[in-house]
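Structure in structure tokens, see below.
To keep things simple, chains are lettered A, B, C, D, E and F as they appear, and every chain counts its residues starting from 1.
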Amino acid sequence: MRILVTNCNTTEAMTKEIEAGARAAASPGTEILARTPAWGPESAEGWLDSFLSAAAVLDLLRRTEEPFDAVVLAGFGEHGREGARELLDVPVVDITEAAAHLASLLGRRYGVVTTLDRTCGLIEDSLRTAGLADHCVAVVGTGLGVLELRDEGRTEAAMLTAARRVRDAGAEVLVLGCAGMTGLDRRLSAALGVPVVDGVAAAVRLAESLVALGLTTSRAGSYATPLPKRRRWQPPG
Amino acid sequence: MRILVTNCNTTEAMTKEIEAGARAAASPGTEILARTPAWGPESAEGWLDSFLSAAAVLDLLRRTEEPFDAVVLAGFGEHGREGARELLDVPVVDITEAAAHLASLLGRRYGVVTTLDRTCGLIEDSLRTAGLADHCVAVVGTGLGVLELRDEGRTEAAMLTAARRVRDAGAEVLVLGCAGMTGLDRRLSAALGVPVVDGVAAAVRLAESLVALGLTTSRAGSYATPLPKRRRWQPPG
Amino acid sequence: MRILVTNCNTTEAMTKEIEAGARAAASPGTEILARTPAWGPESAEGWLDSFLSAAAVLDLLRRTEEPFDAVVLAGFGEHGREGARELLDVPVVDITEAAAHLASLLGRRYGVVTTLDRTCGLIEDSLRTAGLADHCVAVVGTGLGVLELRDEGRTEAAMLTAARRVRDAGAEVLVLGCAGMTGLDRRLSAALGVPVVDGVAAAVRLAESLVALGLTTSRAGSYATPLPKRRRWQPPG
Amino acid sequence: MRILVTNCNTTEAMTKEIEAGARAAASPGTEILARTPAWGPESAEGWLDSFLSAAAVLDLLRRTEEPFDAVVLAGFGEHGREGARELLDVPVVDITEAAAHLASLLGRRYGVVTTLDRTCGLIEDSLRTAGLADHCVAVVGTGLGVLELRDEGRTEAAMLTAARRVRDAGAEVLVLGCAGMTGLDRRLSAALGVPVVDGVAAAVRLAESLVALGLTTSRAGSYATPLPKRRRWQPPG
Amino acid sequence: MRILVTNCNTTEAMTKEIEAGARAAASPGTEILARTPAWGPESAEGWLDSFLSAAAVLDLLRRTEEPFDAVVLAGFGEHGREGARELLDVPVVDITEAAAHLASLLGRRYGVVTTLDRTCGLIEDSLRTAGLADHCVAVVGTGLGVLELRDEGRTEAAMLTAARRVRDAGAEVLVLGCAGMTGLDRRLSAALGVPVVDGVAAAVRLAESLVALGLTTSRAGSYATPLPKRRRWQPPG
Amino acid sequence: MRILVTNCNTTEAMTKEIEAGARAAASPGTEILARTPAWGPESAEGWLDSFLSAAAVLDLLRRTEEPFDAVVLAGFGEHGREGARELLDVPVVDITEAAAHLASLLGRRYGVVTTLDRTCGLIEDSLRTAGLADHCVAVVGTGLGVLELRDEGRTEAAMLTAARRVRDAGAEVLVLGCAGMTGLDRRLSAALGVPVVDGVAAAVRLAESLVALGLTTSRAGSYATPLPKRRRWQPPG
């Protein structure tokens, strides 16, 4: 089985991190095809970036020529999943919902810890439109500015602080609200004594499950095949 | 006061229709600047189109050099409004929420009639993330295929049928769930004896109100100015 | 266009304040007709006052002989709006819902700051039945007793404290939960760096918009014309 | 124990009906004091009537000089209960919520059948602000005009039709959404094979229970004693 | 009238406490029949215990040979009520919902104080499936371990602390989230100045009310009589 | 990896069916250990059966001596999952939630088709407490009596009718609301052109995923290890 994993930004280094995480989570025999969009933001932090990213990822999906059996969209809280479901005949799993699905099986309530505060609303909306907001008690950011995020030790300490706030809000399980932070899930889990779910790992396993069970996106209603028409994917000239 | 009104698709004829509707609704002294995205889908029907449209409209907004005092996003149910709010210092009004806001003032419950059934979910999600779903009893499409929509009489008859279903579901006010159908609001209203709200007209008036009251998007929290970074708006080369 | 603005209590001085606020917000050419109920409470603080006020305001509306094109009900959180919609053929806008509608366009979540704590529940119920509670994160009072409210400096300081609590609860926009405090919206906005919406100003603009677009209350269903019958508006004798 | 039961309209004959129903439901030793407001609508059908009724009933309550141990507000769906709770030191039970409370103990979902369609929204709002809407599957009116209601046989037949619609919507228990229709609950129950709850009977029993257990309205927060101030209960002169 | 009151655990001493509370709350002429399950947990603290308790209580109910007119299930937050409704032809009142019903009549919002933190989720789910969660602002435990609960003074002090947290969360009425703590309701009420509802007392009065009004569980839909079949209530041999 | 799959009733033939379905869905290398409770109902149809089943299945789990890596609870809509999570250190997946999780990835809304109408409420409550009700548009039974279910052809025809109702209510994906009907998912899917999810298959794959990712139930909060105490699992003597 071959799973296409798409980064949501143009930073190759993050694609590599995601690829490593996906590989570590995959079953034996599953091939991971990690791809970076040719355009879009270098990191996705907020709605402007998220909409730009969604278009760029959809462009990547329609251009990908290698065959694949499922897609994992590796942008936490980012837009695009419904469009990918229309576009493709294979199952599509977004890491945001994937993490929430598995977290829901591990405790009565879960919460999300993420990096920048400005993405919290984006994540909340994504969980709500996925029908998974009911058991989410909090989405908490680190309060760090973007430059501060470059200091890895500081970021991790701030993520731990955010994680404690989420737990105090009633979360019995944590979801790691960002892709490409390999190993952080285990460190937070060890420090706090609660399960921590990484979205990329969760999504890879869910994608495998759907493929194995012969299930794919319904074409009845919302996610019917896109109507054939002229779509310009970039400015003319 | 000058209001920039953006079509969500690349079809100039629809921009003209929207422009006419906006002008008819505007106060004396308000100038309407209607613009068509340089890229994107020729019509927005579903999530794939909507995400492509969102990126193209945001690209249009960042490139627009004429000054303007407010923006009206004239794509019913389409994505992008939160990104526009981050990007711009002037108020941004989406026709989906605008119509719902005014409809809420006119009756205890409202409903939406739209063209293709496949966009109903998109509209429902848009109303829900705008916090306006509580009083919406139904979003109903015509059940017509896209080719059939070209037959104007048939479309109007089908819209009337859909409007009756919405009313029977408890709607006391109707929202016209598509842009660029000048006059249809009045004809449906006359036929059914209930108010019918057109989103473009509603949004123009709401945008004027915000400007007149000196109100614009909050920068505290979700809609902070986008972080400066490299964003590629199209494939390289 | 002429807009009738009704105070919810019998205190003329407050009617004057409201009138001034309404005039400042109105478009050129809009005439403001501010009126005080002939009976009711001298201030509306709680349900008992609110129901008494609702009847007195409805009595005022049915007795008003001058023609008017729309009504603004200037009692924040007070009852009566649905009755006015049944009674009148012109649009009716309540300042509670008006402020919430505009606030929803300016940020992802809003909150309300008001004077007495005892009115918070009343305001919450009003927003909920208006279908606007979903994006309201908090309604917070000053915690001051009614006598303390007479000290203007103290009240304003307490409102600022309440406003900070609302913002910390996640509000990106504030709504001023009381009529007749001209200028407070601007001072809070300057102090906290977020938009602050005044209900009277918002309602005047929304009423103008509905009139300009030829929209008025639906007669289908809830707000049908009241049935003719004997109604005694005061005790006999 | 003495329970004051207030009709919501000025029609003495209905007060008599309500009184008979209350007496039939009361425990031995409970005295029923049925009272008619001195002013207000001759019947309450919609928001205008309901707000007028609320003020008139509150006026009745504050003027009542006989001692009483609890109050039953016998207007189905009508406003006023929160004001009565502020005003009085004894427990206050509204027949709308009373019926819903008992109905919730008898089946997984309940529904309401009422007379005029125009009161359905009023009842829905009343149940929602009472926190009891979650298990209510439908509020259905007879669709009869007010003149047709005078034909008793026709009304009862129409109520039966409405009751069938409520049951088909999933109600396992019915609530009779009007006061003063003695015996109709038993006839509907016999015809449909489901329990039918009458609000007056339910409220009398709940009021007795609260008194017996020494429980009365909380003064902490919403329902604090009204502030002393000038309140005019009728026009001057 | 005879009411069967079932303890949810096998501890006779707690049955005695519950019996005393039930007797104190009952009307003259009501006979209380308190019973202890023959098997199950010695105390119910969490889901495992709750499911075991539910089966044991249902077994007790089906084996009880004395006639009774209603049942009170005296396990706060415990499972089983829907099964008892299927099984029996008389009304069934669970103390969890009973307390919430009466509390809803006494203030705008209520909260629950209980012993062990681990039961909070169980109570929340019980209120939610009973349709009563909407007005519940918090369910708070003492934070004490089970051994610490044996120290009565310490427990009561911790319950008072929990009660203050519930009140600060906006509760105007408290519900005592455990059976068999006679007198604690009055002491908490005196200390905090808010009504405190005891579930056993509330349930006894509600059961009496249903019997007096001739109301019992609906057989239409969810709570139809159980299908005849082989059910083994214990391991073979 | 070894997964323990528990039937919820005492009918061995159904355990065999479930076992076959679990084996067909499992990855190579996963061993399925299917077990039947030693006591309980011969089929679970309603709350009485469900609570009896829950206790019997928990008894089975605590007595099982073979080691296992995860548990699948194969009773659709039945109680017990939270108790199993307290009891065991390995992940526990209930087929109700499992099916809903996968269905949510395949379409915007899903619905459930089941056998007896009386279990619909049970399934709705189970989805709601699992936080998965938001995207479920309907739970529909066949309307057949229990004897009629023995006619397999008739049952399948009735399930198809129910499935059409679910689809017409807006479901884009169907969930098969009963265990042990191997092959029915594929036949319904073929007939209706939408994905149909079988809970046993979904749960086996989800259980494998959790084990592979090293995730298990959180012990923080709700699902802490049960307190040591005397629990009697059957009547004495």
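Going forward, contacts are C-beta pairs under 8 Å (C-beta built on N, C-alpha and C of every residue); 3 or more make two chains touch, one makes a residue touch a chain.
Since this is a predicted model, take the numbers as computed values, not measurements.
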Problem set entry | Shared interface numbering between chain D and chain C [over half = same, under half = different] | same
Seminar exercise, completed: Rounded to the nearest Å, the gap between Cα centres of chain D and chain F is 43
Exercise. Cα centroid separation between chain C and chain F, in whole Å?
Worked result: 52
Seminar exercise, completed: Each of the following residues of chain A touches two or more other chains, namely 82, 108-109, 121, 221-223
Exercise. What sequence of chains forms the ring when you start at chain A and head for chain F?
Worked result: A, F, E, D, C, B
Exercise. Once bound in the complex, which stretches of chain A touch chain B?
Worked result: 10, 38-43, 45-52, 54-56, 58-59, 79-80, 82-83, 85-87, 117-118, 120-122, 125, 128-129, 146, 221-224, 226-227, 229-236
Seminar exercise, completed: The answer for chain D against chain E in the complex is residues 25, 27, 82, 91-93, 97, 101-102, 104-109, 130-135, 167, 170, 172-173, 192-195, 197, 201-202, 205-206, 208-210, 212-213, 215-223
